[in-house]
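Here you go, one structure.
Going in written order, the chains are labelled A, B and C, and every chain counts its residues from 1.
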Amino acid sequence: MTGAGVRATARIRARDDGRGGTSLPVLEGDGPLAVRRTRGSGAEARVMLVGAMSGPLGGDHFTVEAGVAEGARLRVGSAAATIALPGQTKDEARYDVRLGVENGGELHWLPEQLISARGSDLYVTTYADLGATARLVLREEQVLGRAGEEPGRLVSRLRLRIAGRTVLDQELACGPGAPGGWDGPAVLAGHRAVGQLLVVRSEFAAEPVTARVLGEGAAVVPLAGPAALVTAVAPDALRLRGLLDQAQASFA
Amino acid sequence: MSGAALLVLADGRFPAGGHAHSGGAEAAVKAGRITGAASLEDFCRGRLHTSGRVAAALAAAAALGVDPSLLDEAADARTPSPALRAVARRLGRQLMRAARATWPADELDAVAGQFPKGAHQPVVLGLAARSAGLGAADAAYCAAYESVSGPATATVRLLSLDPFEATAVLARLAPEVDRVVDLAAEAAGRVAEEGVDALPAGSAPVLEISAEAHAGWPVRLFAS
Amino acid sequence: MHVDHSPSHDGPAVGADARRADGSRRALRIGLGGPVGSGKTATVAALCRALRQELSLAVVTNDIYTREDADFLLREAVLPPERITAVETGACPHTAIRDDISANLEAVEDLEDEVGPLDLVLVESGGDNLTATFSKGLVDAQIFVIDVAGGDDIPRKGGPGVTTADLLVVNKTDLAPYVGSDLGRMAADAKAQRAELPVVFQSLRSEAGVTDVAAWVRARLAEWTA
């Protein structure tokens, strides 16, 4: 890490307030990462990530940590898409998301898209660590380039642990400088938007979801653990969201 | 280390069931994503750098003696498609049979007993390499090469592609196979210290989605 | 060196061991091969009907297009579905029965595990060419099925299937007058190619049907269990 980039961290802690609701004893963000509590519904607290500046730029290192304690329910969204842009330096930017959900807690992590702009270079890691009876709905969407634009280099790793066991570990690398074939018929086949929806419920251990395809661009699959994954590719962000929404509705 | 043993294990005729699988090529051909040598090459390149690299690292780690059950779990986590997990286990079981007959070893017997329905094929491949006296890079070579030779052979049958063109595709990919093997062996070497998180986890969304679709086809030439 | 291949409980048997992993005798395995359209699947169906009352049996099919023959057997309801397994062959059924038999061995063993104990497993090849034969690592005996409509010169032409199969079946004899096939010549040619190996001429439409082939299968089974 050189000194050229911005370091910023946002932290969210949610806990059962003992009155049927969820309180947020920690809700802090600095620099470009601001967090706001918004109106929740029922037992659930809602938080919005608000990008105070554009970014991350090359050399920046952003971290978001969210922890949901036993029995608490938290929903996190973002006010707008995150755009990875080239920076003053040629360094890679990093965006690390660390999610923890204790037994009986529930987290909905539903940020807007991550857009990889031309010339950017971003490495994103999203690690979710869950207790055996924690629940999670997590959506990730990557859009390669703004309208008509070539993408930058984007590497995104998604890892899910449930009760200490790794149930999903996946990395997608695309854009200039990524290993060859990323745009070809095995990996993205020319699609410019790719996303995943991860749903974790302990009930899936006994009754896993049935694998199925949603048209040519998406599949719902049971993972080797109490979790389901939707993987989707689409020509653009709008159609990608349509596929993921359709899949998410089927879990309701 | 024996160069000839590597040829035995890497031989496309090694009787471990691979001939019935296209590595996703059948679905790609049907969808019009592979239409000739150029698109086959691009397909193979993408597969090599994603699932091929993961398989190569798993095989290398198994060849180094990392606990096969940890590697099998890591393979599950890197294979979200249940169709592809089932295929990997079926092929692992078939390879285990061939390996036990070819290079008998207590270690293979023990893992066969531990996974009666099969461990992930790359893990078994690494163990087979170990039993054959081969090293981590050898195991990675077998897995990485297989990740491209399977689709290439299948495409010859599916499209009646000129076999010389298909073989030329494999030759053109050779430097990238070398690179993937280096990266895979390097990652496998870090597992002892850092755990299986050190293994690569490259994913190919279109391969995963189309594997699920292909598994539901009523009529197909290849099992996957 | 580990040269001890004695049966043990810790995994599938290797190759064509006559005993299963638990030490019990495995089922007799008989392969049926032959050209496309010669009546392999119909013969398998007829054998199942003839033998299912007296034997515990199962079928493995090897299709070119994966499940067609298995689906035919299911439609004909000759066996319960759990006793029929389709092996997928990647467009090369002869590879799956001869050069790389691993998927077929898995299928046979899984059937024994799941619906066993079995007396007999019939392994049917997908329709292929005259050179397709079964590996001795997969089956204990093999039947090669040709038909009179495929040309009465097939026995004369020979090839590994016609020459070496444990039983040669010349099927559809009822069609001989219509296609101009000379059954006498076929019998003489087969005798010349096969010496003492048996040949059965059958028409599944006749009253005798699959009787002779079923009798031959019973004799192999008697030898196997002797």
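Keep in mind that, in the parts below, a contact is a pair of C-beta atoms (placed from the backbone, for glycine too) under 8 Å apart; a residue touches a chain by one contact, two chains touch by 3 or more.
Just so it is clear, the model here is predicted, and its values are computed rather than measured.
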Most contacts: which chain pair?
A-B
Any idea which chain sits dead centre by C-alpha averages?
B
Averaging over Cα atoms per chain, report the distance between chain A and chain B in Å.
29
Between the Cα centroids of chain B and chain C the separation in whole angstrom comes to 32
For chain A versus chain C, what separation do you get between their C-alpha means, in angstrom?
55
Residues of chain B that touch at least two other chains are none
Among chain C residues, those touching two or more other chains are none
Chain C contact footprint on chain B (complex, rising order):
13, 15-22, 90, 93-98, 100-101, 104-106, 109-110, 112-113, 116, 154, 157-158, 218-223
Residue ranges of chain B in contact with chain A within the complex
24, 28, 31, 33-34, 39, 42-50, 53, 73-74, 76-83, 85, 176, 196-197, 200-209, 212-213, 215-216
So, in the complex, the side of chain A touching chain B is made of residues 157, 159, 165-173, 179-182, 184-189, 191, 194, 211-213, 216-219, 221-224, 229, 231-233
Chain B touches which residues of chain C in the complex?
1-3, 5, 8-12, 14-15, 64-68, 87-92, 95-96, 99-103, 105-106
